[in-house]
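Going in written order, the chains are labelled A, B and C, and every chain counts its residues from 1.
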Amino acid sequence: MTGTQIIIESILQALAAGVLVGAIYGLMCVGLAMIFGIMRVINFAQGDFMMLGMYAAYFAFTALGLQTVFGAVPGPYVAVAIAGPLLFAFGYAVHKFLIRQVTGMRTIAMEAEGHYAQLVLTLGIALVLQNGAMILFGAQLVSLRTPLTGQAWMLGPMWGDAVAVFLNQAKVVAAIVSVVIIAGLWLCIKRTRLGKSLRAAADNPEASVYVGIDVDHAHRIAFALGSAITAVAGGLLATNHPFHPFVGLDYVIVMYAGVVLGGIGSVIGAFWGGMTIGLVQQLSILVLPTQLQNATIFVFFLLIVIWRPQGFFGRVTERT
Amino acid sequence: MTRLRTLTFAALAASVVAATGAAPASAQTTTGPGQIGPLQIGLIAPLSGIYARPGQVMKMGAELGIEDVNAAGGIKCLGGAPLKLVTIDSGDSVEKATNAAQRMVAEYPELVGGTGSYLSSFTLAVTEVTERANLPLLTLSYSDLITERGFKTVFQTSATAGAQASIALPIIMDLAESETGRRPKTVAIITDNTAASLSSVKRMKDGLLQRLGLEIVMEETFTPPLADASSLVQRVRTSRPDLLLFLPTVISDANLILQKLREFRVSVPTISFGIAIAEPEVLNVMDARLVEGVMSAVANWGVKGQEALIKRLKDRYGEPWMTQNAISTYGDMWLFKTALEKSCSRDRQKLAEALRTLDGGPSQYYPGGTIRFDDKGRRIGASLTIIQWRDGVPVTIFPTDLAVAKPVWPKP
Amino acid sequence: MAFLRSLLPYFTFAAGYLVVAMLVENSYYQLIITLVLVWASFGLSWNMLSGYTGLISFGHASFFGLGAFATVLAQIHLGWSPWIMLPVSALIGALAGVLIGLPTFRLRGHYFALSMLAYPLAMSYVFQWLGKPEITIPRVLDHPALFLQFEDRRVYSVLALLLLTVIVVITRWIERTRFGMSLVAIKQNEAAAEAAGVDTLRWKLKAIAVSGAIAGAVGSFYAVVILVITPSSVFGMLVSAQALTVAMFGGVGTVWGPIIGATVLIPIAETLHAVIGSYLPGIQGVIYGLAIIILIIAAPEGVFWKGVDLIRRRRVPAAGTVPSGAGGVSRAASVEPAGGASPASRISDRIMLDVRGVSKRFGGLRAVRNVSFQVRKGEILGIIGPNGAGKTTLFNLLNGFQKPDQGQVLLHGSDLAGCRPHFACRAGIGRTFQVMRPFKRWSVANNVKVGAYVRAASEEEARAIAREAVAQVGLSAISDRPASALTTKQLRLLELARAIAGRPEILLLDETLAGLGSEEAKEVVAVIRTLAATGLTILIIEHTMQAMVQLVDRFIVLDHGQLLTEGLPEAIVKDPRVIEAYLGAKWAAHA
């Protein structure tokens, strides 16, 4: 292999890894965008919702015997599909009994519109979920293994007998599923009544009330939907990445960074924000020490946000 | 529960002592000063939070150790006084570990010694407290820094990370030569940036690799946990080393990298350092075929002659094999017994003194060397074990006299 | 003196705490007693920036971690004592604060909060990369006290209490001065603060410098207490979250919040960990989390404010009914009856404001197109036009919120175009806003005082100016009442008072009558007229035509960003172009 071939292979491989990682990050960010973008609630427990989604899929797969019914390859994906509705119900309940107490109309009179209470509340939820999961599920690492997990497609050799790119099969499937879900969600938001009320509630909750939209209900649906999408993202991640009860902390920051990059309030923006983070994280290895790959994300994030505060897809709003 | 039992026992002991008039009973202490009152040994390890798993395994080893010491008649010199384990959760942060250590020394004044605390940063924090309280602490953590602070009451039973590299690499080289007929010439290193891994790598690069005639063709340091290992493994693939040295601390990183090596169809003999790659959980997250043949240099492991013990661990706790965390902590209880017989006292300072001057003969539960500590508190002659994944179980292949199986050089 | 008296409750608390700390022998309790103070201090550092300016920072671990690392590294490599490094760390923290603040203060709200999070995380990775996965403070055996090392743990508690006391005194002092008032003004409405003459960027930078200094010193002290630090133990997300949690739990925007938060939460967490953690590892986290959830739902604004509100409610049982019953306002307003001075005598010939061809474009939208007009001293000029005609944008161009792409804004002949709002304010342009955001727990007088700083050299003077402004709008009778107890009309008058406390020559009123009933609107109009009678020039945007026609001397009409026409009220309401563009059929019928 010549030097040029090595460089080309490195770039292609980093790009491929970035896109595959980015697609999953993108779906996570979309889940968060439903919650953070529409309700403007900073949910510290978002990563732990994802962890719950991972365990939900894991137990659906192992305990329900999906492997025998659906086979080893589709089984885990059926399990992921089950985790979505489960976490939808969970998110719905969490909003109804907890989040609603410190959001929406009743916080308008509060200091900082209730943000302080939301932060502390979701921090408490995060603690309960992490430690509760450790008690119930144990501290050991598990994963939602499929035969695809340890296999890759090799593209190439593309240049003589060199320059090959390897694509993990589980990751490729996860990326495709992510994109499909996001496309479906996008259509749903653009076309359906529900989508319209969600958008209205995001843009201007007060005005939405006057035009007869039940903002509280819209928020609850958004919260539940966001939880479900995050759970699915978690389940897909679990097919190629092991996890434990404290895994949420590793991803929650990536999610917020992605949503802010994309522009708060934009669902499609959140996907591209997550994708950007995946790409920056993987491409940074080409020029910077691997140790700094996550530092690069944050520096890049800061540069973009300070340069273009509204994110990629955010609208220019009056600052007064 | 434990506290309750202590109290009952204390009351009992006190009444016995009072009745016989052997010694004045003290109202302040939880256990009477009578000769048969149990001797408290602390286990300060992470039992909650992200590092809970290793802490729980250490606890298993400690419980078995206490049981065996007591079954063997306790501390004979102190009238057969049994050992009693006091478990303290060091939590998942340096601050929590410091708090826990302070609690240990303040709330358990009777404690004669302790062992802990898995992660080297926790051990550093804990020993800052125990040193000031003169409480002897044994540790299986192997960061060099732990015994470089001039402390008098810290005893490192494992070879330090730096020493492990010096011991393991020549053995590996000899093994390669005897199995394949040629010595590896080039090496790739993938390491995370935890303290122990960094001190091993530092030792390798400070002349060790050069002396062994190894040239580094690729070196990457990452911050755990990794999101994706493609680029790292791609670099291994293009640099085509004869040998891959791999120093992970987090199991998910070990998993990702091994999996990627397989995916990228890179078959390079892989030598790991540390137990991340040989924990039972590894099989939760990857196929046993993926790790087959992978070797790892670990500070300690269940070895030949410990089959009965390993079986008990398996039966009681469901642990499939005995990792460093279990066996070292088990051995610590025997080490305490030996030292207590020597100090023949309930005084922790005397126990520390006994540990400093101990000559306990050849080591039984730690690989290599003797039960003696140098000025720094490092066990003299401490060696390590090399393990290899064979048919889905990591077995000891070195030292030869303790090996369960003969080493097989992974076929490239 | 009053300042010292206000600190009395704190000193009582500190004395009590000191006694407890001295009596406790157990070294573990002693450590917890120290850590409560450390986290309370860190919470106060967070409160200094976020509590008073309302800009939530998720990244206070930056300053904390830099202080901690500087202290340990200085002792290892330079042999410097933490005694030296404590103030040095404060300097480092302050410097880091300014460096981080300069770019990041461009952002607001959630963007600011989340960007702040990125700094400590990036730093954490960098320290890891520099090969500092864990470092310890070397133990000193000769003269340990010179290196802040003590056998008796109580010494640390005393030192921590001293540190906290210094921080409390600084915070209370800042709270009571222009500094603190400006920060709170930023919190309630940054735009309004700028318009009231507050140089918001400068104050925010000062706040983050002080906040960073405190956090740096606290981080330095923390390293001395814990002795071992790792990048994640001082830069980690949980460190920043700790500051937030103690402050928000206890109550934001008061020295008591972080103190209450730390005193309650740290011991609860530790006790749970120590008592039940060994039975079922993890259960302590679950119970602690549940406790936080329940308490925050019971007291969403923090324990302190909950207590204050409870006490206040008991003391003033009928707070809601009193203001509406008080007739003082309308009476004061009607002292000067409508038309007290005829327009002719009020308006001088001098051109006060000369707007020449200003334009502003947002992307493809031409919000304001080549608008020119003049305003004479003492004139009341009404600006009308349909929604989206560019009225508010025009105001923004006049007082510096936005820089015109073209054109000039001449005040007394000198060009103000593109000056920052606080400069425009100083030059004599005051302004009110459509959305009112007073600081609800402050009295009317204090709310108005914020506006007075731009003209006042001292606290005393600011108070006097504020008192005068409150009297001018007729709110004197209720000047001690918290803003939360005011009616909409009273809030509008409060806004007016704050604007005139800056002693403007020109006052821009943005929909001051919005949301008022016709009777209430009349009262406010009366007040505006009395203001005009004192020689103030007034520009007003308004939709309520009836009130406007009676109030203004002249109209200008905007449509699609352009000046459609200008003229006397009678002429304007009859102008067919105006009726078509803005007033529509409804008004045409009315006319």
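Note that in this section contacts are C-beta pairs under 8 Å (C-beta built on N, C-alpha and C of every residue); 3 or more make two chains touch, one makes a residue touch a chain.
Model, not experiment: these values are computed from the prediction.
Novice: If every chain is a node and each touching pair gets an edge, what shape is that graph: line, ring, star, complete or other?
Specialist: Chain contacts: complete, every pair touches.
Novice: From the Cα centroids, identify the chain that ends up most central relative to all protein Cα atoms.
Specialist: A
Novice: Most remote chain relative to subunit B, going by C-alpha centroids?
Specialist: C
Novice: How many angstrom between the C-alpha centroids of subunit C and subunit A?
Specialist: 33
Novice: Please compute the C-alpha centroid of subunit A, do the same for subunit B, then give the distance between them in whole Å.
Specialist: Subunit A and subunit B have C-alpha centres separated by 37 Å.
Novice: Which integer distance in Å separates the CA centroid of subunit B from that of subunit C?
Specialist: 54
Novice: Give me the residue numbers in subunit A that touch at least two other chains, ranges are fine.
Specialist: Residues 131, 134, 289, 291, 294 of subunit A each touch two or more of the other chains.
Novice: Can you pull out the residues of subunit B that are in contact with at least two other chains?
Specialist: Counting only residues that touch two or more other chains, subunit B contributes 48-49, 52, 56, 193, 223.
Novice: Can you list the residues of subunit C that touch 2 or more other chains?
Specialist: In subunit C, the residues touching two or more other chains are 125, 128-129, 281-282, 284-285.
Novice: In the complex, go through subunit B and note every residue touching subunit C.
Specialist: 1-2, 47-49, 52, 56, 87-89, 91, 93-96, 98-100, 102-103, 105-107, 120-121, 124-125, 128, 131-133, 143, 145, 149-151, 193-195, 198, 223
Novice: Residues of subunit C touching subunit A in their complex?
Specialist: Residues 54, 56, 103-104, 106-108, 110-111, 113-115, 117-119, 121-122, 125-126, 128-129, 191, 237, 241, 244-245, 248-249, 252-253, 280-286, 288-293, 296-297, 300-302, 305, 362-363, 396, 401, 433, 440.
Novice: Show which residues of subunit A lie in contact with subunit B when the two form their complex.
Specialist: For this pair, the touching residues of subunit A are 1, 6, 9-10, 13-14, 16-17, 20-21, 131, 134, 139-143, 145, 149-152, 154, 166, 168, 241-244, 246, 250, 278, 281-282, 285-286, 289-291, 293-294.
Novice: What part of subunit A is in contact with subunit C in the complex they form?
Specialist: These residues of subunit A touch subunit C: 36, 40, 42, 44, 98, 101-102, 107, 109-112, 114-117, 119-121, 123-132, 134-135, 249, 253, 256-257, 260, 264, 289, 291-292, 294-295, 298-299, 301-302, 305-306, 309, 316, 319-320.
Novice: Over in the complex, which subunit B residues touch subunit A? Could you list them?
Specialist: The touching residues are 48-50, 52-53, 56, 92, 193, 220-223, 225, 227-228, 230-232, 234-235, 238, 251-252, 255-256, 259-260, 262-265, 280-281, 284-287, 290.
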